Amino acid sequence: MKILLVNPNTTATMTETAADAARRVAAVGTEIVPATSSMGPVSIEGYYDEAFAVPGLLMEIAKGEKAGADAAIIACFDDTGLDAARALANIPVIGICEAALASVSFIAQRITIVTTMERSRLPLEHLVHRYGMSGRVKVRAADIPVLSLEDPQSNARDRLRNEIATALREDKAEAIVLGCAGMADLTRTLAEEFDVPVVDGVAAAVKQAEGLISLGLTTTKRGAYATPISKPYLGLLQGFEPKTLKAG
Amino acid sequence: MKILLVNPNTTATMTETAADAARRVAAVGTEIVPATSSMGPVSIEGYYDEAFAVPGLLMEIAKGEKAGADAAIIACFDDTGLDAARALANIPVIGICEAALASVSFIAQRITIVTTMERSRLPLEHLVHRYGMSGRVKVRAADIPVLSLEDPQSNARDRLRNEIATALREDKAEAIVLGCAGMADLTRTLAEEFDVPVVDGVAAAVKQAEGLISLGLTTTKRGAYATPISKPYLGLLQGFEPKTLKAG
Amino acid sequence: MKILLVNPNTTATMTETAADAARRVAAVGTEIVPATSSMGPVSIEGYYDEAFAVPGLLMEIAKGEKAGADAAIIACFDDTGLDAARALANIPVIGICEAALASVSFIAQRITIVTTMERSRLPLEHLVHRYGMSGRVKVRAADIPVLSLEDPQSNARDRLRNEIATALREDKAEAIVLGCAGMADLTRTLAEEFDVPVVDGVAAAVKQAEGLISLGLTTTKRGAYATPISKPYLGLLQGFEPKTLKAG
Amino acid sequence: MKILLVNPNTTATMTETAADAARRVAAVGTEIVPATSSMGPVSIEGYYDEAFAVPGLLMEIAKGEKAGADAAIIACFDDTGLDAARALANIPVIGICEAALASVSFIAQRITIVTTMERSRLPLEHLVHRYGMSGRVKVRAADIPVLSLEDPQSNARDRLRNEIATALREDKAEAIVLGCAGMADLTRTLAEEFDVPVVDGVAAAVKQAEGLISLGLTTTKRGAYATPISKPYLGLLQGFEPKTLKAG
Amino acid sequence: MKILLVNPNTTATMTETAADAARRVAAVGTEIVPATSSMGPVSIEGYYDEAFAVPGLLMEIAKGEKAGADAAIIACFDDTGLDAARALANIPVIGICEAALASVSFIAQRITIVTTMERSRLPLEHLVHRYGMSGRVKVRAADIPVLSLEDPQSNARDRLRNEIATALREDKAEAIVLGCAGMADLTRTLAEEFDVPVVDGVAAAVKQAEGLISLGLTTTKRGAYATPISKPYLGLLQGFEPKTLKAG
Amino acid sequence: MKILLVNPNTTATMTETAADAARRVAAVGTEIVPATSSMGPVSIEGYYDEAFAVPGLLMEIAKGEKAGADAAIIACFDDTGLDAARALANIPVIGICEAALASVSFIAQRITIVTTMERSRLPLEHLVHRYGMSGRVKVRAADIPVLSLEDPQSNARDRLRNEIATALREDKAEAIVLGCAGMADLTRTLAEEFDVPVVDGVAAAVKQAEGLISLGLTTTKRGAYATPISKPYLGLLQGFEPKTLKAG
C-alpha cells in the first residue's frame, strides 16, 4: 500500500515530523509517501492561511494519485481542502482531525482537543460540529504559534502540558487529541505522563487509510463528490483544471 | 457608499448580470463597484471549483478595500471564501446566500432555495445548517448548469419554474430563494407568476451591506477573524500574503 | 419610505429614546413614525408583561399599516407579539432582537447579548434558539430594571459596562448586542470604550426594514402568516378582530 | 382537589366538551372547575387569535387561583399564554399539548399529532420543538375549522379519520395525539377503530394536574417564572396588573 | 389500581425505601406492589451493573403483569432496561428518571439532577438527551456510593446538600431532581430547606402510572415495542424467552 | 494481534459467516478469534432480545481479554452491550455499527443503512443519533428475519436488493451500509451490482481494531468507562461480578 501524506503547510521540516509519526505506526508493507505543498503559506493558522493552502494541496493530491497512491492524508489539523480533495480524487482522502476523532470515539466519551492558537479554535469547533461530536468534544488553544513547536527554546511544550492538565481537571476529559500535526512526536510521552489516552491525528489517519484500502473502499462519485466538470481556468491558476491534473 | 461586488466565477458576463441586479436595488448614493476574479474556473459548480476560486476572490477583496470600498459582497451563492475574506478585510464582507436567508427570515418561516446542480445541493445544505436555518429551509436542485442560465436556447428557466412549483406544493414553501447569482433578473417575474415572495441573494446582500455601513459596523478583529499574521508564501501564490495585499 | 416604530411598553419617553436611535441611522427619505402603545404595562419585564402588551401593540400596527407605513418595527427586545403582528400585517414586521442578531451575524461569530433583568434572560435564550443562533450567542443579564436606564442617578450604566467586560473576557465575545431598546443611545460610546462592535436592535431594525422595502418584499400570506379569519371577539377586546382593524 | 379548566376560546359550548372530557378521567375527589374566557376571539386558529386570547385567559387563571384552585389547565392545544400564566400563578399550570406529549412519551416512540388547520401546524411544530420532541413527533393538519368539530353536518370527523390513517401508514406513527380540545369526545372511538393508542390533551392534563398536586409541587418562583413586578397598566387593560389580580 | 414497583438493584432494603416513597403519594385505591429483582448486582452504579440487572428486572415485570399489575415502575434512576421492558409488557412501563423529568417540566425551565457517582453522570446525560431536555437540564454527581445513602454514619446527605446549593447558585436551577431512588425520603426536607421544588422520581412515576392507567393507555405494540418474537434461548437464560414468561 | 470477535446471537453458523468476513480483510499477522455467546436468544431482533444477549456477551469478552485478545468486536449491528463491555474491558471494544459509520464517513456524505426488520429500525436510528450522524444517515428495513439470510430458499436477498435500489433513488444515498452481520458475504457483489461503495460492519470493525491496537490505544478508565466496582451478585447471575470474571 502507498499512502500519500500531503503537508499543506509549505514547510518541509514539518512534513518530516508528520512523516516520522506516520511511519512509526504504518503496517508492514505500507509505504508512506510524504509531499510538501509547493504553493502557499509556510504555516496554516486560521481561515486566511487555509484558503491559500488549498490549490497547492490539491496539486499534490492529483500528482500523488496519478503516481499510484492508494489513499491520501491531509496533514493539517483543520482538514484543509478536504471536500475539494474528495471531489478530485477517486482514492480515499482523510483529514487528520476527522481521523483522530473517529479513532478516539471508540475508547472515550468526553474528549478535549488541544490546539495551537485561539484563532484556530473556532474553525476546529466547526469541524467538531460537522463530524457530529459537539456534545462530546471541547477545543482548547494553548496559545502557541505552529512553528514554535519545532523550536526547542520556546515554552510551547510547557503550555501544551498546562492545557492538558486543565482539560483533565475542568472538562473531565477522558482522552486528549493533539490538535496540530507538529505535536505528533509527543503522543506517547504525554499519554504516560498524564495516564490518559492521547491521540495524534497523523497516526490515526494512517490507520484509517490502511483500513479503507484494505476494505477496497474508494471515494463515492455520487452527490457532491462527483468528479469535477472539466472547464477553463484563468490567471495564475490556468492549467489547474481537473482534466489537466488527472491526465497530465 | 461604495460597495464592492466580487464575482469569484471568472466569467465577466455573469458579473454584469449580478451588477445589474445590485444596481436595481441600490440606494441613491450607493455606488456598486463590480469586479471579476481574474484567477480560477469560469463557473463554480461544487467544492472543487470553489477551492480554486478563493485566491483570486481574496485578491479582489484586498484590492477593493484598498481602493476605498465600504463593504464587499461575494457574488456566488455558495458563499465562497467567506471566512477567509472576513479575516482579511476590515470592511464587512457579505455572502449572497447568508444575505438572502437573513432577509427572507423576516417575512416567512418555511423557505425553499432552488439552486442549479445536484452537486451544489449538499454544500448549500451545509451553509443552511451553519446559518442556523436547517429547520426552516429546504434546498432543491433544478439540474441546470450555471452558464446555461445565460443561454436563451436552453430550457434552464423552465426547469427552474418546475422546481419552484414543486417547492410550493410539496415543501409548503412560503417564500423562494434563488440559489444562483445568475438568476437575479428573474426575481420579480417569478414572484408575480407564483404569487410568493422571491428573494435574490445579490439584491439582499446590497441592502445588508448598506445597512452595516450605515450602522458603522465593521468585521470584528477578535477571534477567528483576527488579522492574518504576516508570513512567507511560496510558489505561484508568492506575493499573496496579507501584508503585501494590504500595503501594496 | 415610512417606517412605523411601535413601542409596546406604554411609556412615551422610552419611545422617544428608540425613535432618536432610529432617526440617527435612517436613510435620507426614510420617515420614522413612532407610536406608543396605549394599552398595557409601562415596561415589559418578562413573560407576564409581554402577554398584556400584545393587544395594544397589534392595534398600533393595524393603525400604522392603514395609515400607509411600509414596514413596522416592534421596539422591545423580546420581539413581543412578532408572529401575531406578521399574521395581521401585509407589510414586513421586524423585531429588534432578530434584527440585531441578523446584522451582527455578518461581522462576528461569537456574540453576547447584554440585557436588563434575569427574568428576561430565559425568554431571550428562547429567541436566540428560535433564530438558530444558540451555538454562537450567549445572553447575560446586568440586573437593572428597564426604567432605571432613563434615570441618571441609577448605577445601571456601570452595571452594563461590567457585564460587557465580563462577556469579552469569559465568553470571548467578538461583538456585543444591547438587549434593550432603552440602551440605544450608548451604542457608539460603548463600541469605542471597549473596541468591539456594539449593535443596537432599533438601529439594526431600521436598516432591515429599509432593505426589505427596497427589495419589494412583504410578509408571506402562506402558512402560519396567512391573514387571520374574521370572527367575533368578546369582552373588552370586542371590536379588535382583524376585519375591523384593517377596514376601519 | 380543585382543578381549574380555562378555555381561552370564548365559546362556552367548547368549554363544556372539554369539561366533559376532563370529568370522564378525573379521580374520585377531583373537582373540575370549568371557566370560559370572557374576552377575545370565539375560536383560536393561529398566532393572531392566540395573542388576543391571552389577557382573558390570565384573568380567569388569577380568579381561579384566588378562588382556591389547586392547579390550572389551559384547554387549547397551542398552549396559549402558558409562560405568562406560570409567571402569574403559584399553582401548577398545564398546557394540553405539553400534557399530551408528556403522557404519550411513556408508551410510544413515534407519534403524530393531528390538528385542525394548516395555519396551526407551524405553531404546533414550534411547541413540539420546545418540548424536545422534534425527533419523535410529526404534526398533520386535517384542514377543518375548529368550530366545525361541533357541527354534526360537517365532514370534519371524516377528514380527521383520513389523516389518522395516513399517519399510521406514512409516518409509521405508533400513537396518535388529537391536536384540538374539541376532539376529546372521539378519543376512545378512534383508538378502537384504528387499534392504536389515542391521546386527548385535556384528559392527559387532568392526570398531570392531579399528579403535581398530589406531589405537592407548585410553579417555581425562580428565574423567568418569578412573580411579576407590580406596575401601572394603561388603556383598556388598566386594572389588569398582577397585584390587582391577585389581591382583588 | 395495582402498580408494580420493581427494584432492579437486588437489595431489598432499597426496595422498601422506594415503596415507602411510592405509598406516600399513591391515590386512595392504588396498591403499590414492590418487587426486588432476584438476579444481578446489589446496587447499580454505571453501565456494567446496569447490563446485569436487566434480565432479573424483566423477569419481575413479566411476573407482575401476569399477576395483574396495571402498570410497572422501574425504580432505578438510570431507567434500566426500559425499552426491553416496554417491548415485553402490554401495560405501561415507567422509568423514574423520565417520570421526574416529565413532571418537573411543568413547573420549571432550568433543572438540575443531583445523582450519586461520577460514573453515573454520563449515562444520565444520555437519558436527558434522549428525553429531549438537554437544553434545560444539568446533571451533577455528589460523589456518594448508592448504598451509603442508607448508612446514617456516612456524610452522603451533607454532600447531597452541598451539591444542591451549588446547583442553585451556579446553574441557576429553578428546581432540583433527586437522581437516585434511595434519596426519596429526603424530598420534602430538602424542598423546605432550600425553598425550591424538589422532585423524587419514584413519587413522580407513581403519579404518571396512575395517570396512564386512568386514561386507559397501554404500551403501543407498533414499531420497536412490538411483542418480541418467540425463539429459543440458550444457557443460564434458557427458559427466559417471552412466550414462556408470558404464558407461564 | 489477536482480535476477539464475539457473536452475541447464540447461533454458531452466524458466527462463522462473520468470522469469514473478518478473516477476508484481516492484515497478515492478525488472528481472528471467534466466540459465540452461550447464553441468550438465537438471534437478536429488537430491544428485548438485545437485553438478554448482554450477560453472555460480557462473559465472552471477559474470557477473551483474559486469554490475551488485543481488541474485541461485538458482531451484532445494534452494538449490543457496547458501553458495559467498555467499562469491563481494558482492551478496545468496537461495535460493528459504529465501525461501519466511522469508515463510511471518510468516503461519502449521505449514507443509507439497510437492516433486517422494522423493529430494529428505531434502535438503529438511536445509534445513528448517538454517533452524531443523524443529518447524514437514513435507516431502511428490508423486512427480512435475521436467520432467513442463511436460508438459500428465502427471498431475503431480493428484498435487500430492492431496498438498496430505493435508497439510491429516493435517499440519494452515496454509499450503503449493510445493517446486519449476516449480510457480510454480499458486500462485494452488491458494490459491483449497484456501482456504489458498500460497507460491511464486521470488516470495518476489524480494520478499526487493528488501527487502535497499532496506535497503542486502550479504553479510557476515566468517567463512565471506569472499571466496575466489585460487588455481590445474586441469583442465576451470581458469580458474574467483574472481579470474578477478570481474575478467574
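For clarity, chains are labelled A, B, C, D, E and F in written order, and residue numbers in each chain start from 1.
Everything below uses one rule, namely that contacts are C-beta pairs under 8 Å (C-beta built on N, C-alpha and C of every residue); 3 or more make two chains touch, one makes a residue touch a chain.
In UniProt terms, the chains line up like this: A, B, C, D, E, F = Aspartate/glutamate racemase family protein.
As the structure is a computational prediction, the values presented were derived from the model and not from experiment.
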- Item | Neighbouring chains shared between subunit B and subunit D, ordered by label | C, F
- Output for shared partners of subunit C and subunit F reads A, B, D, E
- Among the listed pairs D-F, B-D or D-E, choose the one whose interface is a repeat of A-F, with over half of the contact pairs the same by residue number. D-E
- Check the residue numbers that subunit A and subunit F use where they touch, and answer same if over half are used by both copies, otherwise different. same
- Distance between the CA centroids of subunit C and subunit D (whole Å) is 29
- Item | Computed distance of Cα centres, subunit D from subunit A, in Å | 53
- Query: Just curious, how far off is subunit F from subunit B if you go by their C-alpha centres, in Å?
  - Reply: 45
- Note on the structure: The positions of subunit A in contact with two or more other chains are 86, 109-110, 118, 122, 134-135, 172, 223-225
- Task: Spell out all pairs of chains that touch, sorted by label.
- Result: A-B, A-C, A-E, A-F, B-C, B-D, B-F, C-D, C-E, D-E, D-F, E-F
- Task: Under the touch definition given earlier, write down the residues of subunit F that touch subunit D in their complex.
- Result: 118, 122, 129, 134
- Item | Partner subunit C, residues of subunit D touching it in the complex | 10, 37-43, 45-52, 54-56, 58, 81, 83-84, 86-88, 118-123, 126, 130, 145, 223-226, 228-229, 231-237, 240-242
- Item | Footprint of subunit F on subunit D - complex, ascending | 109-110, 135, 172
- Contact set on subunit C toward subunit B in their complex: 25, 27-29, 86, 92-94, 98-99, 102-110, 131-136, 168, 172-175, 188, 191, 196-197, 199, 203-204, 207-208, 210-212, 214-220, 222-225
